[in-house]
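In what follows, chain A forms one complex with chain B and a second complex with chain C.
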Partner chain A sequence: MRRAEIRLAGSGGQGIILAAKVIAEAAGIFSNYNVLQSQIYGAAARGELSKADVIIDEGDIYTLEISAADILLSLSQEAYDKYSKELKEDGKMIIDSFYVKNYDQLDKRIYPFPISELSKQLANSELFSNMISVGIITQMTKYFSEESILKSVEKNVPKNFVEMNIKAVKIGFEKVAEKYPNIC
Partner chain B sequence: MSIIELMSGNDAVVKAAIIAGCRFYAGYPITPSSEIAEGMAKELPKVGGKFIQMEDEIGGIGAAIGASLTGVKSMTATSGPGFSLKQEHIGFAIMGEIPIVIVNAMRGGPSTGMPTYPSQGDVMQARWGTHGDHQIIAFVPSSVQETFEFTIKAFNYSEMYRTPVILLTDEIIAHMREKVVINEVEKYKIIDRMKPSEKPEGYKPFDTKHGLVPPLAPYGEGYRFHITGLTHDQTGFPTTNHEIVQKLQQRLQDKILKNFKNFEFYEERMVEDADIIVVAYGSVARSAMRAIKDARKDNIKVGLFRPITLWPFNYKRIKELSKKSKNFLAVEMNMGQIVGEVERAVKGVKTKVEFLGKANGELISPTEIFSKIREVMNV
Partner chain C sequence: MESSKKIFINGSFLIIESLARAGAEVFIGYPITPANYLYLYSSKRLPLTFHAPDEITTLQWMSGLSASGKLPITATSFPGFALMIESINMAFMMELPMVIILAQRLGPSTGTATCGASGDLLLVRGMISGGYPVPTFSISSFQDCWDIPPKALETSVKLRTPVIILTSKEITMTNRSFDLNSLKEIKKLDRKFYESNENYIPYKPEKDFVPQFLPLSTTKHQVRFTASTHDQKGILQHSTREALENTARLQKKVLYNLKNYTYFDYQEDGYENLIITYDVSSSVSQEAVRELRNEKISVSLLVVKTILPVSEIYYEIISKYKRIFVVEENLSGQFCEILFGSETPKNVVKINSIGNMIGIDQIKEEVKKNG
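Take a look at the complex of A and B:
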């Protein structure tokens, strides 16, 4: 595969960094690509804008930063406002339609999903928004297999929560299949 | 079987230090190096090692030096302002010939500067931060894998030459996660310091009959000896005898410079036919690799010289390259530090040395380097 640049953005506390790590290991450890994962350090406290990047490539990775993303996840309005301009022409943006109300309805690159609502249906909490997003990204991009991402989830989340997180990822898979069957 | 793990540069330092045999860490957490302290606090107790968070960075390196004198491989890690604080003790470790590893994850400076953004502003501080004439070994890795490997090497050369070794990373290398291949522990060459073969009564801690690096006895095993920051004779007691002092200075210099070929690490790419050679190190070298590949596609004959051993500086190799290439371009995340060493290396040769640098906390991008190459080559 050619270089793919994924940016995950949301509010501190939404589990963005864990999601990035799960994606990076799915591609790097369980699918044998080169990966580079980085994130903003510093002021990202709970509720503030948080961002994590994953670069996946078959070859060596020399450009360490993302200038325009192939895949952008926006879990908050602030994330959308800040990063939506840094999406490639042929990129895809996944938004949580519950939090991102103000977006360009005509932009064909935007794929809205009620991510946090789905999480609430699953567990009465928004805790699983990140893993539902991971499932959506896996299915939309096909950068790596479903098997790789499930193994990565199993490795990276606390033991007691593996089952729930896997359920969340699978909800992500299903929603893409339902809503955008031509992508699958 | 080897395993592959996704880890940050800081994680790699921790993992490698444990494999290298580090069993003592003392320090004071500071961004962007804090995960090293965090990781050592977690990992050391599992292997019977000790972790101490000291009152400040000076205490951190002081405790590491003390622990090392008992025969335990020791490390401290810090960043920018903390590295400044450690300088006096680095000098003490050089003079006392005490093996320790110091990691400096470089961030923007001077002073507290920009804690969460990268820089390469401490490369000269690594060389000349402590006072007096001295030599120092410093490595500057460009990837997480290299950070892992050169942490082990830092311990090895520190033990081998009884000297502090500095590992210079930066905020980018420290925090980014990449794949690291880790072999079985037995596959790594681990070097331990030479211990004395003579009985405690006859032992001299700076005995030159053993050559450039005298064996070091661990405190606590019956060997009683004196270590001081003052100039000293072979027994370790202070002397101002000019002849003895000059010999000591010479040996301290020789043990590093005359052994340079043993730890002279660098990478070259496409330098053979190059009209211009980019000199870059650390995270910036990654951008440089992209830039030279792109420039080659445009038929610009550009190569890369990437020092991994930053100190002692490889003047000899640069001089050799300067006979092939008409231009050098030093690229660094500072306002111009290593560029001065490149100029020194090419003295007397008709090679131009250009510079691209910035110190605003942004990584220099491949595009910026490519544009500068075009500008210098006038294409």
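Take a look at the complex of A and C:
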């Protein structure tokens, strides 16, 4: 595969950093790629912008941050506003359509999903938005297998919450299959 | 070490693990981003961890433990480091071995906690009142996170001095997949204390200008650690010749022994262009050099790992080249200023950035434009 540059962005407290770690380990530990994951965050309590970049490559990785993303996840309007211009021409942007209301409807690179609504249906909470996003990214990119991502979830989330997080990832898989069957 | 194990880690883990294996015995600290992972791993890995109420206390406790023969380490970022400086002066004067890891972030003041920078070099260079040098190492890669800290610890013991390890957010908080096989075994430091039956004179220098160390709590000899101007016995003096000679020796020991702790990576390719760099800029510089060479442009690379004091070896290398490019993540080019002074020579180009990391293309453009 060619180098993949993924940027996950949202508000502090949405679990962006954990989602990035799960994706990075799915590629770097449970698949045999080189990966790098950097992180920037503000205070979760204040809901400040949070961002994590993941670079996946077969070769060595020298750059520590990405300038334009192949995959961009925007879980908040602020994240969309700040990073939507930094998407490659052939990139894909996944947005939470509940929080990102103001976006370019004509941009074919944008794939809206009601991510936080799906999380509320699953657990009456938005806590699982990050893992639903992880499932969507896995299915839309095929950078690594479903098996790799599930193993990575199991390794990275607290034991008591593994089952719910895996359910959330699988919801992500299903929604892509339902909404964009051509991608799957 | 387990064979063929690929792990996903950040630089903080490697720094602390290497220090633990080399013989660091105690971590004392007060949490601050981006040094928090260093704090976290230390509390799991080192025999002793003390959570200090602030950074001034951190350095005072480290000094106490160092005086009693332990090897203490700490990690902080600029706001905490600023509070430590007066006590680092004390430890420098008392000649107490210890390692201070400075994880740099974007300043001034609290700046941006999760944004990297290489902005504290001039501060470190000038932090000892009187302008005395403190051995300072810079980590430029994941491999360095393993290789450099044990050398820093060894230098602090051999020279009886605090040493600084400069790193930054992009090393301490960025995770990478990493093959543990690439890491060399680390030998535990063999530390020797004063053993003779003759009277112990705490600041009587050996040939290398470093006095032998004897920790507190010994019953055989009297031991003194003195922060104010003092003679070889550690007795406070106003400004006697002997005391001033002892103070001047603090500079001599750091400079005289510099050749024994000068570490750098030099890749020679013609004598046209030389890129000098350190810290996280090394990674992109390395890749820019590779790409430029593919385009048949001759570029050499000097990655500086012992950054202070500046070794004369660096000047010997620099003197061979027509053009020099100094790549560093700060506003004004701090290492460039240390190397060449306030007025940048005509054949020297600074490549700097704050807030955004310097890119491979930026370096290539500058080399092509000026080369």
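As a convention for this text, the second predicted complex is superposed on the first by the 178 of 184 C-alpha atoms of A that agree within 3 Å, B and C clash if a C-alpha of one lies under 4 Å from a C-alpha of the other, contacts with A are read in each partner's own complex, and residues count from 1 in each chain.
Basically, contacts are C-beta pairs under 8 Å (C-beta built on N, C-alpha and C of every residue); 3 or more make two chains touch, one makes a residue touch a chain.
Keep in mind the model is a prediction, meaning the values are calculated, not measured.
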Side-by-side fit of chain B and chain C on chain A, or clash: clash
First (chain B), second (chain C), both or neither touched by A:Gln121: neither
Touched partner set for A:Ile29, first chain B, second chain C, both or neither: both
Contacts of A:Ser38 with chain B and chain C, given as first, second, both or neither: both
Touching both chain B and chain C, residues of chain A: 21, 24-25, 28-29, 34-42, 61-65, 67
Touching residues (chain side chain A, partner chain C) in the complex: 21, 24-25, 27-29, 33-42, 61-65, 67
Footprint of chain A on chain B - complex, ascending: 4-6, 31-32, 115-116, 171-172, 175-179, 283, 286-287, 289-290, 293, 363, 365-366
List of chain A residues in touch with chain B within their complex: 21, 24-25, 28-29, 34-42, 60-65, 67
Partner chain A, residues of chain C touching it in the complex: 6-8, 114-115, 170, 173-177, 280, 283-284, 286-287, 356-357, 359-360
